[in-house]
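Two complexes come next, and they have one chain in common, chain A, joined by chain B in the first and chain C in the second.
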Partner chain A sequence: MKRAIPWQAVVFLLPALLIYSVFSAFPLLDTLRLGLFATDETGAQHFAGLANFKLLLLDPQWSDGFWNAMWNNLKFFGIHMLVQNPIGLLLATLLSVRGLKWARTYRTLIFLPTLLSVVIVGFIWQLILSPLWGVGERLMDWVGLAEHFQPWLGEESSALITLSLISVWQFIGVPMMLIYAALLAVPEEVIDAAVVEGASSWRIFWEIKLPLIYPTLGLVTILTFVGNFNAFDLIYSVKGALAGPNYSTDILGSYFYRTFFGYQSQIGSPTMGAAVATMMFLVILCGVAIYFYAVQRKLQRYAL
Partner chain B sequence: MSAGLLHAVLIAYTILALFPIALVIMNSLKSREAIFDDPLALPTAQTLSWIGYDKVLSKANVWLYFGNSSTVTVVSLFCIVLFGAMAAWALTEYKLRINRWLMLYLAFGIMVPIRLGTVSILSLMVKLELVNTLTALVLVYTAQSLPLAVMILSEFIQQIPKELKEAARCDGVGEFRIFFQIILPLIRPAVATVAVFTMIPVWNDLWFPLILAPSDQTQTITLGVQQFLGQFVTDWNAVLAALSLAVLPVLVLYMAFSRQLIKGLTSGAVK
Partner chain C sequence: MQRRNQTLLAMLLAGAWGAAQAGTVTIESWRVDDKTLWEDVLIPAFQKRNPGITVKFSPTTPTEYDSSLTARLTGGTAGDLITCRPFDKSLDLFKKGHLEKLDGKPGMEHFPAAAKVAWQTDDGKDAYCMPMASVMHGFLYNKKIFKELNLTPPNTVDEFFKVLGTIKQTGKITPLALGTNDQWETNQIVFTGIGPNYWHGETGRKALIAGQAKFTDPQFVAALEQMSKWTPYLGKGFSSQTYADSQNLFAMGRAAIFPTGSWEIAYFNQNAKFEFGAFPPPVQKAGDKCYISDHTDIGMGVNPKSKNKDDAYKFLAWVGSQEFADLYTNKVTGFFSLSNHLIAVKDPVAKQMLDWRKRCESTIRLNAQVLNRGEPNMETELWTVGSQVLNGKLAPKDAAGRLQSGFAKWYKPQQKS
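On to the complex of A and B.
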């Protein structure tokens, strides 16, 4: 570097870079390193190569839990993709209808749950779905479905789906807002031209608006992906660290927490915890990489 | 689609979004019998009762938890905005060769959740003797939000006309005064956007308070409510009041900032 760095630039950059490096970048890299170490009975750590990962992926004692969490996490993500994002798209499309009254009120109110703490949301839904209180049952009775009411959160077969739907309820505002903004940005001339040509609003949506917002849909997908594979709070506050019943709601976040801190008779291990975190890191990295190299690149070419 | 049907769908979804929150707040104001007899009824003169709030506000350390959450949120916000704006200014104003790399380095922090570094963060905090202090939380939240703040603020700073700072430099104004007296006031709308965006995840976080500061003195309101709900699970008045109290500050903030938030959310997405 020929020109000397102005000393003021260093002063401006220093606090941000220092805090970010020490408390974010370094711990992330150090966690990847720590995943290669093992802890013995005395608590001392020594280099173990890929042994932790072999345990995690192949040894039934660890791998059963890990693959269960991974599979549940995929389902969790799948439900968000199949329910949250299409409904978000629908709401955004309705909101962006030209001349719609109270559009601002609707979007403000629908976005509200997104701001609440997951702890609160989890508990509110626990109360609503609790057979003890009977709100859920009463509501279903209004439409004549009372006999179909089940304690969905308590049953192994339905707990994960119920939790996913609670999460969908809370976070639907995010895709809705992002897609809504993208729809508003679609140039009016394009739509007007199509209207003049006699295209139905159905065709305008599918053949003009939707392709134009593909980049936003891609962004929504990757945000959902990173968010879901990093989720923890909802499972922990509704189901505790054990992610019951019988681990049926265990996802990578809660599995990471248990590995790190231990539970019941199992002693927590920072190095195994780091190995789990590394796996989560790799999963997220793969998602982000696929998004950037496959999806986004194609989209840009499409846009041209 | 007819306007009537359109509104019907939107109203139906709005009710679905608001009903659970309304249900909890409504029942928090009722007597115990009324909560169970008819959960869907509004409180009336006979069923109105403040007993849940009385219990929560007197028993638990609610005020302390609120104070902790507020301290952590406000101090984090201050650091994020100040350090973020300083870095954004340096990265856009001084064309250094290393800038590209610094941007990439920060982009890494936007994509990878800081939670994955928890194992090392905890051992680092133990070494620094910061476990069970609010400082630990402030540092982590600042580190977590800085990358995005720098990105958003850089965008804004780039739009500031060159003439402004050139003129100031000609008058011999120092670099620091240029930043604090000219640039910072100009990017106030962007600062507001960053603040609103940062505030919500910090206020609502459960993970780091649980791991870094779980002691009774340093609990945040989110962690406090979580533990309170576990303890008082059979005392419905108290539970509902605790939930309502935890919702209210967010509701109030949302009323105050919803414009800014939605503007930030929608203008960020168009790009």
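On to the complex of A and C.
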């Protein structure tokens, strides 16, 4: 029997497919293509094969900056994984405690910074932490810690950590909401059965609730990963495109920006920029692939 | 395909940028700060003489200007008149065919040869931008604080540090309003501001270009050494202090001295409630000849792809006129017209700075010519290295070594042993 072509499906899918191809798939493919070209003195582009990538990965002039940005990006991601997501889990768990008063208010307040523009958040924190105008030092003085105050955003050793924590503060609402929703979806009967069996609430959390929300935790991880490796705005609004001091806050996003658009007297190079963008794409692709093959597939067993 | 990409990029960069229309002349510039002056003073003055021509001043922030302008020029969406950076940046645009030849165009005859150098080909045969103005580097100081502490503006380096020491002892006032967050000040203001007294201005600069001097020579290391001695006199948390923070500190009277340039005079005339004066970079020993960074900073050229070249040239001719020179010098205080018209400078501090030209020798920012032509980019290197020296993370000697090795990597005259 010959199946008729499902025309209605084609018609309904077409607009989305068209928009997706034009604004997402085509630019991506074109970026990958552009990465294989080089710009010469006159500004003309010609095919250069993998020359850009060779420069980027092997020539110290490019690779030092690239690997520094990559390493900083890993640290940026690491801090989010170690601080943002566990605290998000903790907050969600506390919020889902039955009979908690003001739960909605807490939820809204914690989620509020996520709604703010990153640029505003950047400037607010820059002001708070400014040794000149900031309230940070005074607040620390009230609890007797004034002498521990440092210009955290200005020191090589602490600038990246400070920026990561600002980002954590802003985006903690996302994992919290996702995990919270997952926790609410845990079937009551399962919990009730465990209570009847005499399990402590500690055990219920570790052995029932947590395994049941693993898919959500996996999703949060991959969202954090993609978000962090595409991050740029916070660094740019607080430290500018040079990501100082001495490139200590430079991540792939800011490195890409300087390469592609140029900064101050450094003229942007679309071809080199496309090569950096391709590398970023590959890193994210690898991360997502690992997630799909190693994590997502295993988690299927737990899905209800 | 390629053209479309670049156009797309240019449009993205320019936002909702419309192509120039006939009858309208659009000026590309990085002087965001002067936007109102252009719109309220300069453009109306031009339009009074040339009715029917609409002029639009459309600046991009200084740090983004070079790259976004290049993108717009390549994509064909740039304005009719291009504000030119001095030396290499504009020369590069000219070589790529993005600037018209201006030899013999009306207005050009009003400029002395020295002023034109910044916008000529290396052999001096072709000019591509009309010189507009220069800025001068130096120190602004709060006269009230100086009077209270019984201080006089220093002449020598020793006096300079003595003054800084006295101010620091008060414990309340920051001696120097300077931060390293934005980085550019450490090169454009500090290193090439105080340095010419060590490398004797043009002599030292030309020696670097000729390959006869190295950054590791004592005259260049000494400038970095003086910088490293500034650190104790900077404000608390200076490593996260932006240029705007420094401006505010000085304007509020919380800092005594602001290492900067003449372009700040207008800002402090508006924002500072105290009287301020200026002094040039201190010399090593009393009686030494002084050198100042008197930087030919702004010129103006014509976009060959302009749809309204006639009007653009009319505007350019006006930029070369006495009226413009007078308006620019006295309204955009701190930018000194480069034309040879006689102009009475009204602002006292601007006049004070301009008078330095009589007793000191002028030079331009060290790396403005030739030195920026390779990779690693000298300007970026100087920003990073200078900030590191001020932050106390890099010894002056090592800083000089890093500059020299980066320079020798691409510059042939520096490669012979």
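The working rule: the second predicted complex is superposed on the first by the 279 of 304 C-alpha atoms of A that agree within 3 Å, B and C clash if a C-alpha of one lies under 4 Å from a C-alpha of the other, contacts with A are read in each partner's own complex, and residues count from 1 in each chain.
The rule is short, and it goes like this: a contact is a pair of C-beta atoms (placed from the backbone, for glycine too) under 8 Å apart; a residue touches a chain by one contact, two chains touch by 3 or more.
Predicted, not measured: the structure shown is a model, and the values here were computed from it.
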item	value
Which superposed partner A:Ile120 touches (first chain B, second chain C, both, neither)	first
Chain touching more of chain A, residue-wise (chain B, chain C)	B
Partner chain in contact with A:Val97 - chain B first, chain C second, else both or neither	first
First (chain B), second (chain C), both or neither touched by A:Gly154	second
Touched partner set for A:Pro270, first chain B, second chain C, both or neither	both
Contacts of A:Gly218 with chain B and chain C, given as first, second, both or neither	neither
Contacts of A:Asp30 with chain B and chain C, given as first, second, both or neither	both
Chain A residues contacted in one complex by chain B, in the other by chain C	30, 34, 133, 270
Contact footprint of chain A on chain C as seen in their complex	2, 5-6, 9, 13, 62-64, 66-68, 70-71, 74, 89, 92, 96, 179-184, 235-241, 245, 248-249, 372, 375-377, 379-380, 383-384, 387-388, 391, 393
Sites on chain A touched by chain C in the complex	30, 34, 42-43, 45, 61, 126, 129-133, 150-156, 239-242, 244-247, 261-268, 270
Touching residues (chain side chain B, partner chain A) in the complex	1, 3, 6-7, 9-10, 13-14, 16-18, 20-21, 23-24, 35-36, 39-40, 79, 82-84, 86-87, 89-91, 93-94, 96-98, 102, 105-106, 108-109, 111-124, 139-140, 142-144, 146-147, 150, 175-176, 179, 200, 203-207, 210, 222, 225-226, 229, 236, 239-240, 243, 246-247, 250-251, 253-254, 258, 262, 265-267, 269-270
Contact set on chain A toward chain B in their complex	1, 5-6, 8-9, 11-13, 15-17, 19-20, 22-28, 30-31, 34, 91, 94-95, 97, 100-102, 106-113, 115-121, 123-125, 127-128, 133-135, 138-139, 169, 172, 177-178, 180-182, 184-185, 201, 216, 219, 226, 230, 232-233, 236-237, 253, 256, 260, 270, 273-274, 277-278, 280-281, 284-285, 288
